[in-house]
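You will see two complexes here that share chain A, one where it goes with chain B and one where it goes with chain C.
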Partner chain A sequence: MKGQRLAPWLLMTPALAIAILFFGVPTLVMLRMSFNLHPDGRLYVPGFTLENYTSLVSDEMFLTALWTTVKLALMSSVFTVVIGYFFALLVWLKPARWRMLFIALAVCPLLISEISVIFGWWMFFPKNGLLSYALVSSGLLSDKISLMYTEFAAFVGLVYLSLPFCFFILLSIFDGIDRRLLESSADLGAAPLRTAYEVLLPLTRAGVLVAFAQSFIWTIGSYATPSALGPDTLWTIGYLIQEQMLGKHNWPKAAAFSMVVAAGVAVVMMLIRRLMVQKGAFHT
Partner chain B sequence: MTLATSIQEKQPARRLRRGDLDRRLLRLLGAAFTVVLVLYIAVPILVTAVMSFNDATVIRFPIHAWSVRWYDDFLGSPQWVDALKNSFVIAIGTTAISTTSGVLAAWAFERYTFPGKNLLYLMIMMPLFMPGVVLGLGVAMAFGGISIGGTGIYGSRGLVMLAHSLWAMPLVFMLMEATLRTLDMRIVEASHDLGGGPVRTFFEIVLPSVSTGLISSALFAFVISLNEFVMALFLTTRDTQTLPVLMWLSLRSAGTPRLAVAAVILASVVFLSLLVIMGWYVSRLRKMRPQ
Partner chain C sequence: MADSPALELQRVRRQFGSVVAVDDVSLAVGKGEFVTLLGPSGSGKTSTLRLIGGFETLDGGSISIDGRRVDHLPAYRRDTATIFQSGALFPHKTVGENIAYGLRMRGVAKAEIATRIGKALDIVRLSGYEQRFPAALSGGQKQRVALARSLVVEPAILLFDEPLSALDLSLRMQLRAEIKRLHDEIGFTAIFVTHDQGEAMAMSSRVAVMNRGAICQIDTPERVYEEPADEFVYTFIGESCCLPVQVRQGKAHDTESKALDLRLQQPLEDGAWRIYLRPYRLALGGQAAVAENRLTAQLAFVEFLGEFRRYHLRAGNLELFIDQRDGLSAQPGDRVEIGWASRDMRAYR
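Showing the complex of A and B:
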């Protein structure tokens, strides 16, 4: 039937139109823009130069930013996965009546805007913030302290924002495991830690990978949290893109930065997909 | 248990005590972990809620006097109320656009076979994984100079809705694809056999059967758009600024308790819509019970 063949395409038209017009076309525009020239005082001049890319390799500032971003993303993703793993494990092991409560707890940060979370920590860490007040008034410290504008503050904010996604990915993996496996492992004489290492970990490896990738990608692209909570010297790539675009009005360079990030995200996604296929654990 | 008992019998004292200690230690660790986690998640929320009732003009702990003056201040400021309105309008628009397009595409993927399915799936899902900075920049560059009928589309609410749909639409698509997979295809065949055309079947059989998934994914789209501010930062002007964008800009200049009020109001809109949806869901369950 002719109608049958046409129907899926008609149904997909709106979704594809959005993806192509507002993601595909802009990506091509950015790709083209990244080869344009940027003489002083103008946003861009059409031309063809590789300078925006070659300058990235020689640009000390960009390389530092890249290193900072990757380091921060790796560190916070590892932490997010570890915390998320224990959180999911706990919810999985707890009796059902606790489950909804914990899930509601995990959903909370998801429903709150990133800006509100930033602002919340922004009131917690500084000298006149809650942390300092709590520590001084409880007698633990004699002087006010400020953890604001440190890498630690940025790290706390980033983990907070990516934790819920990680938790739900891992919980869905745990839910697919037969809990009786733990009992049989214990019955066979394995201590809890050995059970965790030899039974649980291998079964959840794919989920850990996905959760890590998700968290890593999210952190790589983040700009608001590290720039609002972290030190002035913490230049993530997201921050540099924003600065080139809105601050320095250097469109070609902002586009080149973006293309690097987009390529990085695509590579990480493909790597993970390949790993999953090899493990044969991910199949939809 | 028989194997365990036999092992314990062979090496009674040591094995038993160690296992017991392990278990007690683990339980203690679990409890400590839970407390820290609950505190961690609660801190920024509670700090904000408390600060919104502060009477002072600076953000400072301890709080000496309480009042709702910053709520009055927020509601009396046209700039902030307009931002809230913009956020709401844009979120509603994003929900409409992304739910419609996402559901239709999910139905196409579930019901039909066609060439290039994997590639198309990737095309639809890809924007969801792209950072907001990249998406916002791309849309701003591609549509910054284009105008329709003399008015530029840059800075319009419509453009922000479509940009937000880049995240909301794949999400709806993904959720609805999973939901539609649980649908019993026999009722669709039955509808066809009874003479229902594909369009009528879709609206009268398919959609009502997956209404819970549909409403949840629409809610997700709404919340994403309401809270998003990096794309909106690139795409809005002073007139179309959303509340999170205004919050971000004013955080960069100086933080006042007004920001805490804005955060509380933003979160209230989200939780209220969640409550409405849950109320709808409960009443639906109740209606279904007598049958």
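Showing the complex of A and C:
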């Protein structure tokens, strides 16, 4: 009896140890750091103050950055999930012989590092870039344009980054659905849109939430892509943290910023989990 | 339109690349008929059913339901309802919601839906299961819900896509009797696809035996069994023994050219023949002496199969077996005489 109760814990130990050691402990260290003092040019002075948090409430730059980040993350996540959903649906519905091609296509961006992808966008968005060239030579535009360093570029960059993950999550959800269900729905008199609403959406709901969650986490914490592709005025939380950390050498404040973001993400995760559990009854 | 059949297929054709899945199939089904499409896998029976249901598009021919062309209509606008092999119940909906689905799509009023769900569950003997989710049902119960879900919309044609083949034997028998009972009670028109001849024989008003995308024969189960149209139907329905013989100058030889002691009432022409016999229509020993056709063979071994014994015999290098209720005194190695009536024999070349 005793051994049986212990077994799951023993099996979890390696994963648990890694999670605690590499995620739990650093988070706690950072939490402690966020209460330290920063009286002068030193990185931090051990102590205890709530200053770093209370000052955030009135820090307009921080609040603006928070709003900008959340807005960008929300928009790109919603967009990512929508594209990912249709892409995964297409692959699911197409005959198996197309499948590997689509999957290879989706894997490609994952093989390249974020920095290399950013260099790619630098070839694509500027005035003499590929996009401008394509638009002008196809006659859609008469003058060259640059979309480099715009919020749009940052948005596209973020979508591109999180799309593959989103696609694979959703494809795995679709693969778990019996395709006959769609036929059975049509058979009983439901037009395609009705089938999508009555059958497909409810069955993929959990997958959509997971895909959205991962995309949201990914984009809210990302720093390189929005900084490199967005305008100078696009101040994301990631940018502010970096600035406090490396520019102003204010580690306690950077830690406080980070904790706020982490807490915010945690709240969003909990909300999404609640949404998932509510209608999960049929899985039993 | 009163005289038009409930379902009519005219030279229906379906190709997948170069493979012809359904090859100019024509079929007329009367109201209240229970027609089975029987055939081995790849014979086109499921493709034919899917064409009727609207899940595949025709490459030629036409399909009419109650005299109206439907082959241009998508599945959701055809008055057919399919019971799938997997049941295909919506896992996120309760049994009641599953059954209500087709009615809701047809805009039936809420109050009426409730009474009709109750009635449908009653018919398939699952009253009280309304609130359950499909995951909490057994395989047989799922299929009965699927049946109720299709029956409740009162379609012009019910389509069964091998609905019993995923179930174990006793459940299959039970459900097959139940479908038959429902058909007798309600009198729906049905197309039933199966590769199980027992199912086909037991339930159908008519059986269409399919092979390579075409219907070889369509007739009552009795006629298909007693008067098979061709070699394929003969061998596919019921058990049979095959004797491949060479006839030269009126004498039969086995495949190694050894002469056989075979006496036929109507001699075969010279050439290669395949003689087919039903193992339970053969007489053995004393009774064989008076039969129209006779063959001398050697008893190889005997299997005891409960209700009967199966005698495995050898004539030259040809093997055959005979099913007999009564014991036989012969021992393995003994020479025995087999006899049969001419109407119980088929010879193809």
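Rule of thumb we're sticking to: the second predicted complex is superposed on the first by the 258 of 284 C-alpha atoms of A that agree within 3 Å, B and C clash if a C-alpha of one lies under 4 Å from a C-alpha of the other, contacts with A are read in each partner's own complex, and residues count from 1 in each chain.
FYI, a residue touches a chain if its C-beta (ideal position, glycine included) is under 8 Å from a C-beta of that chain, and two chains touch if they have at least 3 such contacts.
Small disclaimer: the values here were computed from a predicted structure and weren't measured.
Just checking: does A:Ser258 make contact with chain B only, chain C only, both, or neither of them? Give me first, second, both or neither.
first
Give one of first, second, both or neither to describe whether A:Ile241 is in contact with chain B, with chain C, with both, or with none.
Once the two structures are laid over each other on A, A:Ile241 reaches chain B alone.
Under the stated touch criterion, which partner chain does A:Ala191 make contact with: chain B (first), chain C (second), both, or neither?
both
Quick one: name whichever of chain B and chain C touches more residues of chain A.
Larger number of chain A residues touched: B.
One more residue to check, A:Leu90. First (chain B), second (chain C), both or neither?
After superposing on A, A:Leu90 lies in contact with chain B but is clear of chain C.
Does the superposition put A:Val267 against chain B (first), chain C (second), both, or neither?
neither
What is the contact status of A:Ile217 with respect to chain B (first) and chain C (second): first, second, both, or neither?
In the superposition, A:Ile217 touches chain B alone.
Identify the partner contact of A:Pro202: answer first if only chain B is touched, second if only chain C is, both if each is, neither if none is.
A:Pro202 contacts chain C only, not chain B.
Starting from the residues of chain A touching chain B, keep only those that also touch chain C in the other complex, and list them.
On chain A, the overlap between the chain B and chain C contacts is residues 186-189, 191-192.
In the complex of these two chains, what residues of chain B are touching chain A?
Spelled out, the residues of chain B in touch with chain A are 1, 3-4, 7, 15, 18-19, 22-23, 26, 30, 33-34, 37-38, 40-41, 43-45, 47-48, 51, 58-62, 97-98, 100-102, 104-105, 107-109, 111-112, 114, 120, 123-124, 126-127, 129-135, 137-143, 162-163, 165-166, 169, 173, 198, 223, 226-230, 233-234, 244, 247-248, 251-252, 255, 259-260, 263, 266-267, 270-271, 274.
Of all residues in chain C, which touch chain A in the complex?
The touching residues are 53-55, 74-77, 80-82, 84, 86, 88-93, 101-102, 105-106, 133-136, 149-150, 153.
Under the definition above, what is the set of chain A residues touching chain C in their complex?
178, 180-181, 183-192, 194-195, 198-199, 202-203, 279, 281-284
For chain A, which residues are in contact with chain B within the complex?
Residue positions touching the partner: 4-5, 7-9, 11-27, 29-30, 33, 83, 86-87, 90, 105-106, 108-124, 128-130, 132-133, 137, 160, 186-189, 191-193, 217-218, 220-224, 228, 238, 241-242, 245-246, 251, 254-255, 258, 261-262, 265, 269.
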